[in-house]
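Below you'll find a set of structures to go through.
In the two complexes that follow, chain A is the common piece, with chain B as its partner first and chain C second.
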Partner chain A sequence: MSKYDELVEELAPRKFNKTGQIWTVFLIIVVVIGIIAYIDQIIKGQVVTDMRDYVLWGVYISNFVFFVAISFVGSLTAAVLRLTNKTWRTPLVRIAEIIAFAAIIMAGITIILDMGRPDRLYNLFIHARLQSPITWDVVIITTYIAISALILYFPLLPDLAILKKRYDENSILGKLYRWFAFNWSGSEKQWLIQKKSIQIVAILIIPVALILQTVDAWLFSTTFRIGWDSTNLGPYFIAGAMVVGVGGLISVTYILRKYYKLEKYITELHFDKLGQLLVFACLIYLYFNINEYLLPAFTAPKAETAHLNELFFGHYAYLFWFVTVGGLILPIIVLIFPKGRKPLPLFLIAILVVITSWWKRYLIVVPALLHPFLPIQGVPESWHSYFPSLHEWAIVSGTLAAALLIITILVRYLPIIPIHRTAEEQGILDTENSTKS
Partner chain B sequence: MKKYLNMKFTILVLLGFYMLVLSPHSQAQDKQYKARLSVDYQKIMGDKASLLINGKFKGEDGYEPTTHLSLNVYQEIQEDSLVLVGQTVTDNKGNAQFDLASVETAGDSIVKYTYVVKIEDSERFKDLKKSVSYQETNLSAEAIVQDSVNYISAKFTDGMGDPIEGAKLTVMVDRLFAPLTIGKSSYKTDDDGTILVPIEEPLPGVDGILTFEVMLDSRKYGIVRTIFDAPIGVPVVDLSTFDDRTMWSPPSKTPLFLWIFPNLLILGIWTIIVILISNLYKIYKS
Partner chain C sequence: MKDDNKKSRRNFLGLGLKLGVATAAGGLAAAKVMGESHSDEEMVELMTTDGTLVQVPAEDVMEMPAKKDYNVREGYANRKFVMVIDLAKCRNALKCQDSCNKNHYITGDNAWLKIYKMQEDKDTAPYWMPMLCQHCDQPACVTVCPVDATFKRRDGIVSIDNERCIGCRFCMAACPYSTRVFNWSEPNQAFLMDGATHPAEHNADHTGHPSVKGTVDKCDFCPHMIDMGEMPHCVTSCPNDVFYFGDKYEDTVTNGSGQSVRLSKLLEDKAGYRLMDGLGTQPSVYYLPPVERTDAFEDGLENYNEFESVPKPE
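Entry: the complex of A and B
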C-alpha cells in the first residue's frame, strides 16, 4: 500500500464504533424529546414556558445568541487561516467549518422556536421593516448560512472525488459522493475555479461574520434598556464569539482526534496554537467586559446600579462570577503557560469556556429583562423571576443535541481532515489515482 | 307515597324560592323613593337656552342617579298658573337637558321667568317639583389689544341692554381635556357691566387660534356663557414625525439611507454568492 493510500485510509470517514453509535442514538433521543416538547408548545402556546411579560426573551434567545456566537469563529478562523496560508491550519479548518455550519443552521431554527406563531414566519418577510434589527438578523443569518455552506463545500470537492472511488458506483454512498463531487476530475480549469472561489468566499465571510455578530448585538443595544443600551455591545459580542468559537473548536477537535486516533495529524502544536488563540480571545473579551461593567458602575444611574448589583452581589451573582472567573480569568491564567496548552488541560478549559459562554448569553438576556422601563404596580409574582420551564429545557437541549448531531453526521460522512491537501503538503500526491493541484 | 313526597318537596322549593328571591324584589319594586332634583338654567349666547336637570335618590347603596325618569316641565305664567311646556327623560347618570328654544317666553326682559320641573305619577319615585327662576341677560366678550397686551373684555347686561354691576364672571380658554381658567377664579363687573382680563402668558393654539369662554354662574341669572375664537395664541408647531421617514416609521417610510446602503450590501453579497454557485456549475460542466 502506497503512502497515499495509507493516508486516504486514515483520513477517509469511518463507520462509528459502539461508542459512536451510542452517542448518535443519545443525540437522536434528545432531539426527539425536544421535538415532542416543541409540538406541545405549539399546541398549548408559550404558556408552557416560564416567559412572561417581563422576561419575554428567555432561554431560547440566549441559546440563539450562543449559536450565532459559536458559528463566528468557525468561519472566521477558517477564513483567516486560509487567507494567511498557514500550513498548520490544514487539519483544523474543516472542523471549524463544520461547527460553523451546524451552529448557524441551529441559530436560524432557534429563532423560529422562539416565535409564538411559527406559522406566521412569512410575515417576517412580507412585513419586513428595514429599520428593524430583527429584519437585519433574518437577512444576515440567511446569508451566513449560504456562505458557511459554500466555504465548507468548495474545499470538499477534491476529497469527495477521492471518496467516490472507494465505494461501488451503485451503492448509496457511492452515488452520493459522486453526485456531490460535481464531476470533479481535477482538471486545471476546475482547480482554477475552485481556488478562486475559495479565495472569494474566504474574504467574503469575514465582513459577513462581523456583520452577523454586530447585528446580533444590535438586537439588544438598539433597545433603550438597562444592561443592553451600550455602544460597546457590537465589539463585545464579537470578542465573546471568538472565545466561545475557539473553545468549541478545541473541544470538538480534541474529541475527534481521540476518537479517530488522529494524533499523527492533529499534533500538540495545533493545540498550542489554538490555546494561544483562545488566551488572546479571552484577553480581548476581558477588556470588553471591564468596559461593559466597570464604567457603568462608576457613572450609572439608579436603574443601572440595580442591574449591576443584581449581577455582582444579587440573585445572579453566583452565575456571574462562575461565568467571569471560569470562562475568562481561569482560562487566561492556565493558558498563558505552555503546559496549560497541552491537549488535555486545554480541552478541559475549552469545555469550561463553552459552558460558561452559554450561561454568559443567559446573563446577557435574562437579568436585563427583569428590570422594566416603568414601575408597574400589582405585577403578578411570576413576572418578577424567570427560570426556564421543563419545556424550555427540553427544546433547548434538543437544539444543542441537533447541532451536535449535524456535526456528528458530517464527521461521519466527510473527511474531517482534508485528504487531498494533506497529501499535497506531505508530497505524496498520487497523480494517477488522485488529482493535480 | 313517594310521588306525594316529591310533590311536597317541589312545592316547598318553589315557596322558598319565592320568599328568598321574588318576594323581596317585588317589595322593592313597590317601594317609592324620595328623589332629589336640581335644576339650573343655562344660556349659551348665540346658541340655545336650556334647563340642566339632575336627579338622585337615596337608595340601598347610598345616593344613586334617577335613571330613565320622565319629568314634566312647566312654565309659570302667573302666580300659581302652570303651563306644561314639555317632557324630558333622565339618562344613565340621572341627567337631562330640556331645550327652551321651543318655548315661547312671555313678558318683557326684566320679568323673572320661572320653570317648574315635576316628577309625576312615577312608580319608583314620589311626586316632587323643583322650580328655577331667571332674568333675561346678555353676555358679550371679545379679545382686544391695549399697549401690546392682549385682553379679554366682557360685558354683562340685562335684557334691556343696561349694564349689570357686581356679577362674577370667569374667563377660561379651551384646552385639550378641560377649560383653563385665566387669571383669578372670577372678576366682578364694574358699573359699566364690563371686565378686562389681561392674558399675560402666551398661549399655544392650533394656527394661533384660541377658544375663550366667559361664564357667569349665579342664582339670579342662571348659567350664562359666551364662547368665541380669537387669533391671539402662539401657533402650535407640529412636531409629529408621522409623515417623515424615520427609524420608527412603517416600511413605506423607511429612511432613504436605510433603503440604499443595506440593500446595496445585500445585493452585493448575494451577487457574489450567486457567482460562487455558478462557479459550482462551471466545475460540474468542465
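Entry: the complex of A and C
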C-alpha cells in the first residue's frame, strides 16, 4: 500500500461505530420531539411559550443569535486563515466550514420558529420593506447560507473525485459523489478555476460575515430599549461571535480527533494555535463587554441602573456572573498559559465557552425586555418574568440537535480533513492515480 | 420643504369654510362668497380656521361628501387626528378601558388602553395616566415592520393590517410606549363565539378587526366611530372629560361632553406636552399635566389592579 493510499484510507469518511450510531439516533429523537412541540405551537399559538407582551422575544431569538454567532468564525477563521496562507489551518478549515454551514442553516430556520404567522413567510419577500432590519437580515442570512455552502463545496471538489473512485458507480453514494464531483478531472484549467473561485468566496465571506453579525446586533440596537440601544452592539456581537465560533470549532475538532483517531493530523500544535485564537477573541470581547456594561453604569441613568442592577446583583446575577467569569475571565486566565492550551483543558474551556455563550445571548435578549420605559402594569403577574416553557425547551433543543445532526451527517459523508491538500502538503501525491493526471 | 407644505395647506384651509367638524365647504363656495356680496338671503354663521365668525349666504355653502375615495391605507383625506388627555381630571375610573375592551372585543390579558399609576420618584406626586397608542408621526413600529403590515396613514392613524402581519413582534420591541399587544392564542372574540354576525363597523375599511391569532393588535383610534361622525369609545365613556379628540388641521378638539376647544389654545393654556417627546417619535397624543386636580389621587386606588386590565367573565 502506497503512502498515498494509506492516507486516503485514513481520511476517507468511515461508517459510524456503535457510539456514532447511538449519537445519531439520539439527535434524531431530539429533533423529532422538537418538531412535535413546534406543531403543537402552531396549533395552539405561541401561548404555549412563556413569552408575553412584555418579554415578547425569548429563547427562540437568543438561540437564533447564538446560531448566527457561531456561524461566524467557522467561515471567518477559514477565510482569514486561507487568505493569510496559514498552513496549520489545513486539517481545521473544513470542520469550521461545516459548523458554519450547519449553524447558519439552523439560524434561518430558528427565526421562523419565533414568527406568529410562519404561514405568511412569503410576505417577507412580496411585501419586503428595505428600511426594516428584518429585511436586511433576510437578505444577509440567505447570502451567507449561499456563500458558506460554496466555501465548503469548492475545496471539496478534488476530494469528491477521489471518493467517487472508492464506490461502485451504481451505488447511491457512488452516484452522489460522482454528481457532486462535477466531472472533476484535475486538469490545469479546473485547478485554476477552483483556485480563483475559492479566492473569491474567501474574500467575499469576510464582509458578508461582518455584516451578518452587525445586522444581527442592529435587530436590537435599532430600538429604543435600555440595554439594546447602544452603538457598541455591532462590534460587541462580532467579538462575541469570534469567541463562540472558535469555542465551537475547538469542541468539535477535539471530539472528531478523538473519535476518528486523527492525532496524526490534528496535533497539539493545532490546539495551541486555536487556544491562542480563543484567548485573543476573549480579550477583544472583554473590551467590548466593559464598554457595554461599565459606561452606562458610570453615567447611571435611572433605567440603565435598574437594568444593570438586575444583571449584576439581581434576578440574573448568578447567570450573569457564570457567563462573565466562566465564558470570559476564566478562559483568558487558563489559555494565557501554554499548558492551558493542551487539547484536554482547552476542550473543557471551549465547551464552557460555548455553553456560556448560549446563555450570554439569553442575557442580551431577555432582561432588556423586562425594563420598558413605562412600568409593567395591568397584566397578569406571570408576565413580569420569563423563563422558557417546556415547548420552548423542546423546540430549542430540537434546533440545537438539528445543527449537530447536520454536522454529524456531513462528517459522516465528507472527508473532514482535506485529502488532496494534505497529500499535497506531505508530498505524497500519487502521480499515477492522482486526480491531477 | 416640510414647513412650506404646512403653510400651503393652512392657506388652503383658510380659504375653505368649514361646517362643523366633519365636513368641509368646497373651494368653489368660498370663491363665490368672496366674489360678490349677496343681500336679502338667508345667512349662516360659520367659523373659519382662525376662529373668526363670518356670515355666509346659506345657498353658497354646500356640504361635501365626507367619505370619498376612502382607502384603508390612506385614511381620511385632509384630516389629522389628535387626542389630548387631561391628567388633572383622571381618577382611574376605568370607564374608558371598559368601553374600549368591550367595543374592541378584547379577549387577551393586556388592554389596548391602560391607566398607569405613575410616580417618577418617591418625592414627586403620583398621578393616573391613561395610555394608548400614541399614533406617532415618526412611528418606530412602522419603521421596523418588515412587511408594511403596520403603517402610518395620512390622517395620522397608525394602523395594522392583521391579514399581512407575520407576527415577528419587532414593532412591539420598537415601541417605547409598550402599547402593542399580541394575540398569543386564538382570540375567540365574543361575536365570533356567539355565532353572531360581524359587527357592522368591523369591515375591511378598518384594519385589525377581528383579531387574528399570531398577529399584533393595538389601539386603532376608532376609525369605525369616526366614520359615523362620532368620537372614540374612550372619549365618550369617560365620566370626567379627560379625553379630547379632534382634528389638528381644524385646530379643534372635543371632549366627551361635546365641548369643542381650540387645540393650540388648550395646549398653550395648560402647558400640554407629549410623552417621551425627546425620542423624536412625535406622538399625536398630547398630555396636560396633572395640576389642580379635580379628584384626589387616592380616589383612584380603589379601582387599581396592577395585574389586570381586561376583566375576565367569571
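As a convention for this text, the second predicted complex is superposed on the first by the 435 of 437 C-alpha atoms of A that agree within 3 Å, B and C clash if a C-alpha of one lies under 4 Å from a C-alpha of the other, contacts with A are read in each partner's own complex, and residues count from 1 in each chain.
Note that in this section a residue touches a chain if its C-beta (ideal position, glycine included) is under 8 Å from a C-beta of that chain, and two chains touch if they have at least 3 such contacts.
Just so we're clear, the structure is a prediction, and the values are computed from it rather than from any experiment.
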{"item": "Joint occupancy of chain A by chain B and chain C, clash or fit", "value": "clash"}
{"item": "Partner chain in contact with A:I333 - chain B first, chain C second, else both or neither", "value": "neither"}
{"item": "Which superposed partner A:T143 touches (first chain B, second chain C, both, neither)", "value": "first"}
{"item": "Which superposed partner A:N183 touches (first chain B, second chain C, both, neither)", "value": "first"}
{"item": "Larger contact residue set on chain A - chain B or chain C", "value": "C"}
{"item": "Partner chain in contact with A:L348 - chain B first, chain C second, else both or neither", "value": "neither"}
{"item": "Which of chain B and chain C A:Q131 touches, first, second, both or neither", "value": "both"}
{"item": "Doubly contacted chain A residues - partners chain C and chain B", "value": "127-129, 131"}
{"item": "Interfacial residue positions of chain A with respect to chain B in the complex", "value": "127-131, 136, 139, 143, 146-147, 150, 153-154, 157, 182-184, 187, 189-190, 193-194, 196-197, 200-201, 204, 208"}
{"item": "Chain B residues within the chain A interface of the complex", "value": "246-251, 254-255, 258-259, 262-263, 266, 269-270, 272-273, 275-277, 279-280, 282-286"}
{"item": "Interface residues, chain A side, partner chain C - complex", "value": "44-47, 49, 51-54, 56-57, 114-118, 120-121, 123-124, 127-129, 131-135, 138, 219-220, 222-225, 369, 372-381, 383"}
{"item": "In the complex, chain C residues that touch chain A", "value": "109-111, 114-118, 131, 140, 143-149, 164-170, 172-174, 176-178, 180-186, 213-216, 276, 279, 305-309"}
